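Right, I'll just put the structure down here and ask away after.
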C-alpha cells in the first residue's frame, strides 16, 4: 500500500495541526514498512533523577502511530485514540533522545492498530513498548 | 489499612518531588477508600478542537495511582510505573477540569495496581479509564 | 437505557449461540447498572496447584461484557472483541466459583467498552480485573 | 544469554507440569531470539462461524511467553502472569493452526515481559497481538 503522505509531507502536516507539540518530535523515517520517530528530549520531559517521563513516552508512541495512520489515509482523515497499552521496561539513559520504531498491524475501515518499541538513542534494549488503537470515524468518507 | 500520608501531607510531598508537574494537579480527597484527583486544565493540556490531550490524561491517572501507593507506603518508598492501559471513551467537555476517581486494587510486596475513571467536571459519564501498575523495588526495605 | 434482553432472555440466547461454552457460566444478575456473572469452576478450569487458569478468567470477562452489550442491542446485533487488558491480582481460592461484576463504560455506535472485577466467591478482594472492547459492525443496521 | 532449557527440554517440561493443556500446543522453534509456538486448532477452540476463540489465543500467547521465560530461568523457577493486553486484529482463517511468534522484551529480577504476534498458518497478516507480563517470585532464589 503506497503512502498518501511521505515523510516530508507528514512533518509539514503535523506542524500545521499540532504546532506547539510537534517541536519536540522528529520523523527519522516513514515508509510502507513503518516509522522511526524521535523524541528530542529536553528538561520538560524529565522527572527527578533524569528519567524521561511516562507521559512523554505516551505522547511519542501516540504521535508515531497517528503519523502512520494519516500517512496512509491522507490529510482529510480523522483519527482519535481509543485505546493504549504501555509497558515501561527499563530506565532511559540520561541525556539521550528516545527513538520509537513503529509498525502498523491493522488498518481497517473503522480501526487502526499500531505497535511501537522505544529505545534510548544508541541502545538496542527497549525502554518501553506501546500499542495504540485509533478509531477512524465514518465522516472521513464524506469529503 | 491506615494511611502513612494524609491528603495534605501527600500534596506537600508531591510538591517537593515533582514541583514543575504538580502545579497542574490537585488532590480533592484521599483516604483508605481511594483518591479523587483533579487536572486543572489549561491551554497546555489541549489539542486543537479543545480536547484534553491523551498524555495529560495519562499523567493524571499515573499521578493519582502513585499518590494512592505512596500514601500507604510513606515517604521513603520508591515506586515506578511498569504497565498502563487506557481507554478513551468520550470527548472531554471544553473548558472543564478532568476529575479522576481512583481505587487501589492491590498493594503487594512488589507490585501495586490501581484503577482510575476520569470525568469532565460535572458529568457522570467517564471520558477515560486507566489501570496503572507500579513496581515497588525491594530497596525500600533498606531504610 | 432499558434492556432489549433481560437476564432470562440473555441466558437463553447465550445457550443458543454458545451451547458448548455457556455450560460453565451463569448470570446471577443483569440490569441497566451492570452484570454479575459466575464461572462455575470445575477441573477443566484449573492449573496445577488449584489456581483457576488465565484463559478461564479471560473467558469469564469476555462473555460478561458481551452479555452486557447484547442485552442493550438485542439479538440481531453482532459484536466482536477487539481489545482486552487483564490484571491478575491474587491467587483465587481453591474450590470456589469466580464471580465477575461488570459495568458498561461506553456503548457507542461502533465501539463498546466494559470493565470487570473478578472475585473468588465469598471474598471482597478482587483476583483479577479486565477491560474488554467490542467492535459493533455497521451491518447490524441492515436488519 | 544462553538457554537453560532448549526446545526439546522445554516441551518435556511443559508436558510434566501442564499435561492436559499442552496437548493442544507445539513448539516449532525456541532459541535466544524468541519462540515460535503453534496452537493445534481443533473443534474445542472454535466459536460459531469457525473463528478461533479469544481464550484460545490468550492461552497461546500466555504459554508462549511462559516458555520463553522458563527456557532462560530453568526448571526450578516460578513465574505467574500478572498482566496481559491483547488486540484482536483479523478473523482467523478457518481450519488453520494459529502460529505465535514471540520475543522476550525484558527479563528482570522480578518481572519479565514478552510480546507475541499470532498468525493463521500460511498468512503474513497478524490475527492478534499480545503482551504478557510475568512476575518472578523471589522464592526462586531459595533453591
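Per-chain numbering from 1; labels A, B, C and D assigned in written order.
The working rule: contacts are C-beta pairs under 8 Å (C-beta built on N, C-alpha and C of every residue); 3 or more make two chains touch, one makes a residue touch a chain.
Computed from a predicted structure; not experimentally measured.
Student: Treat touching chains as neighbours: how many steps, at the fewest, connect subunit B to subunit D?
Tutor: The least step count works out to 1.
Student: What are the mutual neighbours of subunit A and subunit C in this structure?
Tutor: Chains that touch both subunit A and subunit C, as defined above, are B, D.
Student: If you tally the C-beta contacts, which comes out ahead, C-D or B-C?
Tutor: Spelling it out, more C-beta pairs touch across C-D than across the other pair.
Student: Among the chain pairs A-B, A-D or A-C, which one reproduces the interface of B-D, with more than half of its contact pairs identical by residue number?
Tutor: Selected pair, repeating B-D: A-C.
Student: Quick one: report the Å distance separating subunit C from subunit D, using the average Cα coordinate of each chain.
Tutor: Taking the average C-alpha coordinate of subunit C and of subunit D, the gap between them is 24 Å.
Student: Can you compute the centre-to-centre distance for subunit B and subunit C, using the mean CA position of each chain? Integer Å is fine.
Tutor: Computed value for the inter-centroid distance: 28 Å.
Student: Can you list the residues of subunit A that touch 2 or more other chains?
Tutor: 82-83, 85, 87, 133
Student: Given the complex with subunit A, which residues does subunit D contribute to the contact?
Tutor: 85, 87, 89-90, 105-106, 113, 115, 117, 126, 129, 131, 133
Student: Can you check the complex and tell me which residues of subunit A touch subunit C?
Tutor: Checking each residue of subunit A against subunit C gives 82-83, 85, 110-111, 133, 135, 138.
Student: Please name which positions on subunit C make contact with subunit D in the complex.
Tutor: 17-18, 21, 47-48, 53-56, 58-59, 62, 80-88
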